[in-house]
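Structure below; questions to follow.
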């Protein structure tokens, strides 16, 4: 990835402040990861229970493919580390971002019976990597929330395989997962999707 | 508590700026307290009539268990000092935060006839201390507002005793009271609850 | 008033930034005044066509009782200078603030047929000077908007005389006028009223 | 125009931060241009794919009347450069601003069947250049979105000719185009129109 640990910490802190100002990571919600090695897989990710508006290098932990901490060895990664690993593998993502916004929460519940949310016809869709026209129809799968992380990780794996073109998924009454080749691309995807959720949510009334 | 007065003032000022930026303490609304001694009980709390976005050490007053000022002796604590005392005793809280947001105000009125508001099924509930699953159902009692502070303090005492698991209560058309073992935990509770109020408020439509 | 010109400019600039951040003075909307003398009446007020988030000493103009500029003599006060003069006289206000928010605009239209908006039962009402209980009922008159400033000033005079207890009035599809003995009190009134407008607006649905 | 390149970059960066803070240019959406020469026509405009909250001199590219880059020669202007050129010519604008807000998106869809949106009776309309009364009725044409920029530019030309008094147009489910003689005037138009969209959107319910 070509970035040292302190570059990553600085970049994630900036993302945290930006999302915090928009109320997408209230409390200590949300978690962020960046891939730092592929073979074997290593992610730098936010620790459990940290306010995202105040990230420092000490807020991060290095994690391996089973979701356990490598450095510091007693670091406690987010409980959802395995979901980040699944996304990283299925999409060869360089960064995975998970946020909790009002509109993603509201829509994830409203559209859960349909198994997902289709968004089409918006210019903003062009902000999703590889999309060149507003005539695109993005299907955003919605998974039932689950505290059993092994089971939820398996669901994520299944959903990503079944929806090879999707840029994101929602966990019901929980929040958004999206990703990118790089951290800036993943940030862009969060912003695009949050915009679309609010536009759709207000249009539905 | 291990914090000196100036640490507490600095921490409360930061909380004030954060909540002010989110419009949870407009005007001079809201009040904050931190326990500085248990035997006898001493709280540092915000004075009456102070804008919370501009707190300094001079904005604070030390209060004893009857709600009167200790230092400065002529300091005027918030009129709701007694409610902070009740919460501190009933929950052994280290910090109590009271905010006035739009959504807590709207929901406190809408759900007053039911005596409270149940919130269940949201991942964000895990941000409340001791809650490990979104399957939790949080009952948030709603009390009628009252300018007679002795009577309102008695109501708070009764409600806290009758709802030993609750993390917060609402005063009707008034606002939120929540607390924590520490100030950061109390701040987290405010953020979690404000998020949930808005999510529920928008879902109800 | 005991404040020099540069103190007033500094204080108004801070108010401008605060209101601008909340979108209450978008474009170059809104205007602010502070009384600097009573006999004869002199107000320092914002010039016409100035963005309120960027106020400096050069953004202000001294005005006399007929709404014309005193210093600089070629200064162009806000077109609504006469309304500030009316309020200053009728209420012996030390500061008058006029803002354009979404919710004041929406409610000023929705309730115009009734000639005003009654707000009662909210704790936030206690932020209005002289109000000691949420059981207060505040009547906020709504005037039809008018580009004829002499005629509108006469309407304001009439409405203030007919409603001696009111803390504010709305101009239909235009915005809020409120005031205070001092600038901080007027600021508090803006914040309290904007909060109440949004709470009422969302409660009405 | 009287402004050097670094003045323009500084001014556009400030506009970008301001609009970004209000969520009007999320992701890398929106684009801004300033006329730097009339004969032949030269615009400084934002490059494609740049976050508007972080603009620097390197984020800009000089463009000629066919929408191609002049300096740097390999610079990639926004795909919508031709629309800026059309506006600049039809209105002799000094600056053109394109933003993507929630309310412009929602209203552009809701009113598309009528071909446009009429806004009348609001004091804020006086913030539009040349409008002296709230009794003005502003017609904001809505064009169907189109990825074929030559065709869309022709539509824009047609709409501007057919609506010589309009201050702005909307692209359906896409966003707002407005302009001004100067950059500050164009900024004011964005703010006025965004205010009006939200006020109308909430009034319609």
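When the chains are written out, they are named A, B, C and D in that same order, and each has its own residue count from 1.
We adopt the following convention: contacts are C-beta pairs under 8 Å (C-beta built on N, C-alpha and C of every residue); 3 or more make two chains touch, one makes a residue touch a chain.
Fair warning: this is a prediction, and the values are worked out from it, not measured in the lab.
Least step count on the touch graph, chain A to chain C: 2. Using mean Cα coordinates as chain centres, the one most removed from chain D is B. Mean C-alpha positions place chain B and chain D at a centre distance of 45 Å. Per-chain CA centroids place chain A at a distance of 32 Å from chain D.
Each of the following residues of chain D touches two or more other chains: 205. The set of touching chain pairs reads A-B, A-D, B-C, C-D, using the touch definition from the header. For chain C in complex with chain D, the residues that touch the partner chain are 23, 26-29, 51, 100, 102, 105-106, 109-110, 145, 147, 171, 173-175, 201, 205. Listed in rising order, the residues of chain C touching chain B in the complex are 22, 121-124, 127, 132-135, 184, 188, 191-192, 194-195, 198-199, 202-203, 205.
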